[in-house]
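As structure tokens, here come the structures.
Consider the two complexes below, in which chain A is the common component and chain B and chain C are the respective partners.
Then we have the complex of A and B:
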């Protein structure tokens, strides 16, 4: 076969496109829909369109050195809308970030620390693996720790970093534990052995670290006997469903919203009281725009008597990102320093406009992000941020005793 | 019975250049053929289909008294007619020739040379044994019905019908809507010359109505098509207008007389921007100029209770027929031209453009109606609140060039968007901004028109618009939407002034801009009609991946289809402008004339026939025949097969319990011999 001469840039783009499921970015027609759709595009030196243009013409150094390389928060708006079907968020950005780090370019400090934490402790918060089960303290239902005794279960719950360690999210994890038990499902957790799934690393171009985690998790999960994995974090869902299989690792997995939405009939009898409130739901980008699960979370909220579901100006496919994906959780300072706005602040303003009293979420990052934004906006007392699990728990009397 | 004694079969192995000779040993194959029973001689040659190749066959037939021919070459689709003709020239019945396809079925699909030879030998042995059982047959011809059917009365159908009719041919023109004219009738001006659409279209529409050779059937669709090329039987479903077309003189008094003094129902022709009464004419120049009654809202038809002041207004003309029913009419035609046009893309599925939510976001087709002197505003470009927009944004490529909707370029939008920019500026003096990905103007006078519009001061931004959101403003708009639409890039939604912001990456400036406008026009894609799938099935043609009807060959047979008697023309075959549509319509008319003027058509010889001695008249075959070609002869108690209708599918042959149904070229003996020949070598 004849070798085809390509430009350095085209070559690079071709290579970068290889690990994706979309088309390589070679087909870009420079229409700019990505840049103008990007919620941080205006603050970026190289929004997606320019990034491709520069890379294609071989000016990779410029792109890799720019602070804008560390501004994508994986909201997938560009990928979803791209008229040429280019996987910008899933493929191009991680590949470029990987290339930058290979050249010794350092990502923002806060993020580096997070990677260190994952590397050393297996979680983003830098806490000891021995404290993984802290969330179960004072929990009034039995939690089967499969790391201590392996037993066949219907559901293996991957609790995730924030719900395991972060007090605000621990409340959610506990409520979910009660809910699972109430549903009569046999379930267990990996206890001290559980490790981060690693979606944020992959999106951040830490492909090496990600691979290590895939391998570690494969070893752990292969030992267990379960029907399906259920995760609280939609990013973990996406990683297990889409990226793990690339390494030949596949398990049936569901995000808790779809898992529960398939059991509306079983949930109904558990309802004890109404939750009288106007509720607006924030579509997280991963389960929503990326995976297309718009209805399950809404179906769950509509199950709750008293809940009046109202929609924000931007919803479903057009929902505004909270700014926490793809490593964005640890990028706020960097983004603000580059002149970008905190997306969580904007999103909370949109939620307030609906007149809702509860901003419902289904991603562990969002509780912290939005509660902070509510404070900044002075909306305390007017707008509460609640995980869908908490709303369900309230109407089923499964919440914290002292809350 | 095969008379083996007298068999003298000639076998010809073609090299097809290196196509066959490169894949298997043709000399060996030729030697192999020599040894087969009944073979008198066997040869190989570089190109059998060439003149010298054919001469060889002809000479051999005469000199060697050959009485059967086998050509081992390409698919019979390509050269069976060639060799049949050659045999006939040499005095041999043309049906004593058998093709053996060793190119497509062997050479092109077999890698190993030895395997290829074995396979070719098996095929050849089958062909030789088969041809031994062939019998001389008579060629059969049928007369072509000298009338054409044109489906769709847009500019494509109008043009094709007039061309055929002017050449002296009878035409039946079927149009689904109450009037012919199609999309062109909606426009005020047409690019690039800005001719007034009505001025150039209306005379043609009237000619259609008046032409003695054209039978115009509006408000009608084709229900079914039977028969085959040259002889189609079509059933046409005619919707009731509730007004007798022959009695109505087009005075429109009934519309004035209708009990509804005000027009209050949405007029589809005006894209819902204009209103009409229950009895209405879709637009002033409609042809035929006969009103229609909408049975859903007409009080008399819907409720059976009305003063019927319309009937009174009609007076002694007495054209109202409230009891009119749907009717089926039947026509025989020889050729069909499908010209069903396109559908404008519905942009409400692209949520970020806010169409259907923001009242000031319009489609191009809606704006065409607003600009049209005969349209709902009498040609004034005004917003829904009656105000004139001062800033207008035009978004290109809405639904086109987009993997999420239609990956293709719709070809006409750049030009019509330039036209609209010009007309908007001319009528309102508004500031106009076109946001485009590429401006495509490949046509006569097109680039010049682009340049003209630039010089008129229209702004151009190179970038695909990302979000259309309400501009923050004060004061309540009378058209405040119930629910603001989605937006990624903008916060602050209600209340708004009615103004809109287009967010776009100005890719030439290199910055993301927010452009504030009062009106947005979406240059929507042209897509296949929603019912293209049904139409395709009715006429036995195919669709391409984009959904448009597929031509037989993209370069060399652009108006023919896989179905020999059916031609396509206009935007139903792919997005195109009026000049291209008209050219294609004339081409389709020419192809229809080629067919009709040839007067007769040869039938495939492989039809079924009934051995009258054996037929018991059980009628099993009759209901099974997909072509309604078999009728019972009640007196003689046998089945009779119409040779002109039989397509040679073999269903009756397989089903006949007494073995009386037989098929030319596919007799038991021929098929069994071929199979045995083939199997002996596998």
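Then we have the complex of A and C:
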């Protein structure tokens, strides 16, 4: 079987454009599994199958101009299920977006603003880099700011944009800081110098921006002396693990779930009290379906006395996306305008069906997305959204003192 | 058509503004800079005119406040020539700045000069009308769109008046236009294009000398706005503040 895996979206596009010899350029046999798997496919003018068909038929221009190009939320369902191994969400889609932008086609306004924020300020929220350490305000453990004081550390924590700036996620960052400290690990952060890593698939198609971030982060990280990077954002994990090496930039990196799950024995003595609740875990697409880390987050939740883990009907490989990846965090308005649904609303309904009291997550986007969806669904008071770190912090008395 | 566009860098309001030790000026060392929004629209309008009917777009900027970043983006968007005016120290106030821009633009023999109608650091008046006066050209301000006109030597502009009244005017060229908004929002240009522009763009330096003018006004004191007696400043936790806002809205009959 011809497996179409390539590092370069441009190669894929070039092959996509080669037609006329009677052979499908990517080996796509138009089985349609991708379109059927796509949670937003029904609202797309060109779901993945049609997109390839159109492009192969010489209608690439039509594809590039279509609003459906900006509806992929990088859930990887198509990539994972494609029998030909075509990297649709990971490579083809970003390459098409890049090609569209090179032609002057404008991405949806909200996404443009996010790109500009990252380019200008190094974060998705358009906040001052100087305020990047705001999350440490009133924190009761010491945070070593490696941008001010370079020292060897075991863990360099890349906090990420939302946990640095967004109040709801700052709570998680603070709890993780306490947890690292309790584990007796030497750790530090890049402080005001930290920049966005660039998401998993080359910044949702903004490949030049991704390259700029790789260069900036390489300069920052090469100066530091650390054993491994730990990230709170699974997209950053994927980018550092898979795409940074394409630029010759490689660091040992772990998402916090795998990092902590390797330390269950050290975590056990920290447990102070049970958390009596039925908990359902939402597999984020990046660490889950894309990278296959299904057990570490569950092992962490099962460590907590009182937690009864229940599964949603769609879990692990089949988990429904929250809708926030691939730039989806900034595409809700566009997707809804095109007739798509907010996937977070559907996912929260699935979580509620399990009877769980807590929807546990491990990706910074999901707290905001699911908490909004809980409000939309009128489930406030019945379903709480908690990062796994918060569940651990609660049982270890490491949460916010006034929470 | 030969178009000149004025680009200015202004303090970026994502940083908290600080007042310097003199008490009468911003502490610019603690500020970061960003392109003035209506100048960005002026550039977009120029590029749109170029795309619609062909034009040479000349960008003229004071060399201040990370202006290179803005100028590389302008080049990536389609600006043809980029002129930087070297500065000794800080940018002068609008009237003196307009004199500098006028001297830099005159040799370009521009048919049309586009400049943002406002900037949030303008003190003694707007640059755009001063620039028209310094160049002895007609001026129309608060423009919301510029189009080629059928009659040669003219251009068609859409001007906004108070109360959202719009007028379509025919303007004889050459002229200076104070741009409020382009016909479409400033475009997004992918970073790879900006990176390419960084490698290929040559800035042209344009030193200009103007006779120093007496400042029309001087700042006595700069201070953050004080809360007046009619404003109720809310404090407390987020929940308390939210509850109070809800209460006020209910009292005013804005929510039921």
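Everything below uses one rule, namely that the second predicted complex is superposed on the first by the 375 of 403 C-alpha atoms of A that agree within 3 Å, B and C clash if a C-alpha of one lies under 4 Å from a C-alpha of the other, contacts with A are read in each partner's own complex, and residues count from 1 in each chain.
By our rule, a contact is a pair of C-beta atoms (placed from the backbone, for glycine too) under 8 Å apart; a residue touches a chain by one contact, two chains touch by 3 or more.
Note that the structure is a prediction, hence the values are computed from the model and not measured.
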| item | value |
| --- | --- |
| Partner chain in contact with A:106 - chain B first, chain C second, else both or neither | second |
| Touched partner set for A:49, first chain B, second chain C, both or neither | first |
| Touched partner set for A:179, first chain B, second chain C, both or neither | neither |
| Per-residue touch tally on chain A - higher for chain B or for chain C | B |
| First (chain B), second (chain C), both or neither touched by A:393 | neither |
| Touching partner for A:31 - first (chain B), second (chain C), both, neither | first |
| On chain A, the residue positions that both chain B and chain C contact, one per complex | none |
| Complex contact set, residues of chain B against chain A | 351-352, 397, 401-404, 437-438, 462-467, 483-489, 491, 493-494, 503-507, 510, 512 |
| Touch list for chain A against partner chain C, complex | 98, 101-102, 104, 106-107, 109, 112, 115-116, 119-121, 126-128, 130, 206-209, 211-212 |
| Chain B partner contacts - residues on chain A that touch it in the complex | 29-37, 39, 41-42, 47, 49-50, 77, 81-85, 311, 313-320, 346, 349-350, 353 |
| Partner chain A, residues of chain C touching it in the complex | 14-16, 32, 34, 185, 187-188, 190-195 |
